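Each structure below appears as structure tokens.
Same chain, two partners: subunit A is paired with subunit B first, then with subunit C.
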Partner chain A sequence: MLPAAIYLLVMFVYPFAYGVILSLQAKGGGISVANYLAFLLDPWQVRTVWVTASIAVPNTVLTVLLALVVAYSMRRGVWMERTITTALVLPIALGTVLVAEGINGFYGPKGWLNQGLLALGITDAPRLTHNYTGVMIALLVQHFPFCFLMLLGYISGIDPGLEAAARVLGAGPWAIFRRVMWPLIAPGVAIAFALVFVMNFGVFPSAVLVGQPAGATRTIAIAAYQQAFEHSDMAMASAIAVVMGGCQLLGLGLILVIRRRMAATGVATVGAGKR
Partner chain B sequence: MGRLWHVAVYLFVVGFVLNLVGIVGHVLVSSFARRWFATPLPNAFTTAWYAYSWREFQLDQVLTVTLVVAASVTALALGLGFPAAYLLARHDFRAKNALLLLFFLPLLIPQMTYGIPLATTLYRYRIGGTVAGVIAANLVPMLPLAIFVLLPFFEQISVNLEWAARVHGASRFQLFRRVIVPLAVPGLLTAGLLVLVTTIANFELTFLLSGAGSQTLVVALYYAVFAAGMRPIYSVDAMAVIYMALVLALLVLVLRFVRPTQMVFRLDRRN
Partner chain C sequence: MISALSFRLTKRFGTRTVLDEFALEVHGGEFVTFLGPSGCGKSTALNLLAGLIPATSGEIRLDGSPIDHLPPERRGFGMVFQNYALFPHLTVFDNVAFGLALRARPRAEIAQRVRRMLQLVRLTEFEARYPSQLSGGQQQRVAIARALAVEPRLLLLDEPLSNLDAKLRLEMRSELKRLHADLRLTSIYVTHDQSEALSLSDRVVVLRDGRVMQVGTPAEIHDRPRTRFVADFMGYRNFFPVTVDRIEPGGLVVARGKDVTLTGRPVTPLAPGSAAVAAVRPEDVELTAELAGPNVVRGTVRLTEYLGREHDVEVALDSGTMVMARVERPVEVGSAVGLRLPSERVVVLPAGDGA
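Entry: the complex of A and B
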């Protein structure tokens, strides 16, 4: 136990604390918020927060909603479920870099998708790679399977007896979802929202490889990386990393508040998530 | 109405899987293409890009680093995670919740967020840029991963077995060596394989910590894709296929032990 805990204290907690302190160090010594001010007052830098949010927020909502709909529809198993779920593990296991390279090929102007569209007579299809759309596709391909598998495990763990009871008592599919299943699923959906948002906000390889890292998809992670490794300004890089962490915390807090509000008006949650 | 809904959901899933096939298939076909330009399939095929890629990207060296890193991280994660998971499964103590949080945070927080301060620290102590630095950084999320995979396996081992061994005069070491380790083998195998495949595919931390001689395959692939145009795209795709083969071979092994839904966060444990 001790070695594991010590390792994480030394390699995780200490660097974090060190980073925060470093970010507060002024060039000449002493404590100051100069690095944060420099970031916030530079339009080129502070823009990355909005760029990241404009990717992360819509993508999170889209990913979680799609995953929820599909996982809910597949909660009692479907034809070829094992094959489907195995196929969906692929992008998770292969990782962002390979998926990015594949997307550049497949969705690119000379890829199979555009060839198919051309064959159908659609010649003015919008460009899908090396821009905002490309990053959205990459993140969806990466995070939809993650979110779907997570929710599928959660939803299929709900006692089917509850749903059967509701049906016997005359509830339609919508009433079953709204009054019986949703209160049970909501905690899982909230966690899914939180995880996907946090991952989306830290997007780096996809934003560089399928995006437009010098402009439309210059996310905050790219800004932090450039400060650290291209300008060798570790104090500034740490400040940006802290801002990134702060934004992620803010998102988490917001999701928690919404969840509280909904739970207060909902039904007591029992029997969820046992598998 | 209900039927239409199901058809729509099914079509979406099929479409999504087809899109995955397209993404992986494009890389695969491109790596064997002599030239490929806006036709359904290349006109001529060749395997020459593999030799080219192996030579130009120094894949022998990159693969060696990848395997050394993955094996070291797996061994360390299991070695450090085994006792930790055992104690967390068996004992209740005051700091348990704080420890669970400490182990959970590196999995929850994206690597880019804590990777920058971690890289800053490791470069300051001159470990950054070396193979040791890559191993040390990757261990930060992999150790918790090993612990959380091992935890339920230890919870399943009956305490009665340990008591019985104790009653029959087994020493602490014998108990460990003859009872607990043999029963934990499936857990160790699952955790080990998951850590192995995740480490090979882990990009961010390795990227931030690796220098010229300590790149793993996925980082080398990133630089090759990033510098698109420096080398023929077919050779980049050949490297991607080599990477893919390595990950898929391990994934097939992993999926013998775990269900796909277990490859992501287990939500039910955290409520």
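Entry: the complex of A and C
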């Protein structure tokens, strides 16, 4: 209990409180919300919230959906399971920058994919890097493994006997998913969704390295970075960071409310796993 | 709705043969038990019948027509699992209604049928509960109701009582017996417990390593085991290697071994001079004042166990062979006793039957 409290205090409460206080410091001294107003009233700045959301939300849906499909189809074990799982999880070990480099090397204008397409005579292939698409690809590659591992653990914890019981009672693959598996997986999916969303909303390296940091992928993290290190305005940067945290909390809260709703209607009352 | 079943099944996992040409005909309304130790292939056989795993070769016919090509969801069977496999997110009512809801029956009909099933397993007042709020016995009754609700053509039960404690197991056994007497559903029951097999079944199939050892009524299996393996499984604890001496006019066999010369019932024809095994249950061994003679062995009491009404006694014969007896009056450890092996209770089996 005590070590946990100390950890929270040192690693979370103090920096967080420090940031909040910093964000409330006015230029001439004293306390004001001027930094927040400056951010929210500047269209160029406030636009970053929508830019970030327009990356984070669709990407989260895509990542979770893809991870769900792959993890669900692997629930009863597949051929070469270890190798496949390792390959799927590898990007975690590589780090953001390496992944971004890889994406540039493969999807970039001079990348293998484009050269392959050119060799096939396709010259008008859409641009896949240094724009919105590039960031989407990078985030998917980075966050899919987390999401996949989490859901695979969740799904394989469900007693396979339930599926067998449902089948014998007349349920086909879709009915098994909808009536048995989905209700048991849904709480896990909600948590995966929340985690991926929070990670996506803080996107910074990918947005710079494979995105278009001056325009289409100028995310809120970039805005905060610029205030802090290009304009040396730590107070403003803190304000932006607090707005970012607020957005993440809002998304998180929304997802947890939905999860609780599901529980209230009896969908997720008992949870998954063997008794 | 009551169907006759016939099948012939082989299942291999890689090079391992789990079921070797297992064939059987089950009459409509019959209760058949697959009995055997773990790994004998009995559960595999049940899963093959349900269609949950594919057979390597063979066929399954229900009322004469093959059903091998049907996936489990289209076979219309009911199945009860060892760990109940109730849907944890559904109430008792919705668990029992599951199969009916998939068949898109009208709501009123479903409700009526679910309530009747819950009445049948005496769980009417529990319909709004979730499985986690029920005891093991109640959960298994829900699982049975769920399987019965769809009016299955065949009911498959996979060790349904083995997760229950001893007292509950006896209660549920009677409950299953009552249900089968009421509904006369063609049922296949898998267990490793000989007392369940004997008390529930019309017929018992004893399996070992994927092969049928013996098929018969409970009484046949109990009284006339054909191999040492079946005898062992049916509670014969004492085995004496003997050589057949001669066949008596009444059909009894006189056999001679290093411990005893005895008369017993042969289960299969035995030729004089052939090697055999004489088997007798502890319950059938009697204490006697005689210390020698036909069908009598002599030894020293090594161990006694008090069972309430009876005593289990372990007697070491002079040759070192141990004999187990269940007797009504106490005997003292260390005392010399004579034990009679009653002729009509001694079964003489061929030795080296491959079992």
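In the analysis below, the second predicted complex is superposed on the first by the 254 of 275 C-alpha atoms of A that agree within 3 Å, B and C clash if a C-alpha of one lies under 4 Å from a C-alpha of the other, contacts with A are read in each partner's own complex, and residues count from 1 in each chain.
Operating definition for what follows: contacts are C-beta pairs under 8 Å (C-beta built on N, C-alpha and C of every residue); 3 or more make two chains touch, one makes a residue touch a chain.
Since the model is a prediction, treat every value here as computed from it, not as a measurement.
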Partner chain in contact with A:68 - subunit B first, subunit C second, else both or neither: neither
Greater residue coverage of subunit A in the superposed arrangement, subunit B or subunit C: B
First (subunit B), second (subunit C), both or neither touched by A:161: second
First, second, both or neither for A:169, with subunit B first and subunit C second: second
Partner chain in contact with A:184 - subunit B first, subunit C second, else both or neither: second
Partner chain in contact with A:243 - subunit B first, subunit C second, else both or neither: neither
Partner chain in contact with A:55 - subunit B first, subunit C second, else both or neither: neither
Doubly contacted residues of subunit A, that is, touched by subunit B and again by subunit C: 272, 274-275
Interface residues, subunit A side, partner subunit B - complex: 1, 3-5, 7-9, 11-16, 18-20, 22, 66, 69-70, 73-74, 78, 82, 84-106, 110-113, 115, 141, 144, 146, 149-154, 156-157, 173, 187-188, 191-192, 195, 198-199, 201-202, 204-205, 208-209, 221, 224-225, 228-229, 234, 237-238, 240-241, 244-245, 248, 272-275
Touch list for subunit C against partner subunit A, complex: 50, 52, 71-79, 81, 83, 85-91, 98-99, 102-103, 130-132, 143, 146-147, 150, 156
Complex interface listing, subunit A residues touching subunit C: 159, 161-162, 164-172, 175, 179-180, 183-184, 266-272, 274-275
Residues of subunit B touching subunit A in the complex: 2, 5-6, 9-10, 12-13, 16-17, 19-20, 22-27, 30, 37-40, 80-81, 83-84, 87-88, 99, 102-103, 105-106, 108-114, 116-123, 136-137, 139-140, 143-144, 147, 197, 201-204, 207-208, 218, 221-222, 225-226, 228, 233, 236-237, 240, 243-244, 247-248, 251, 254-255, 259-268, 270-271
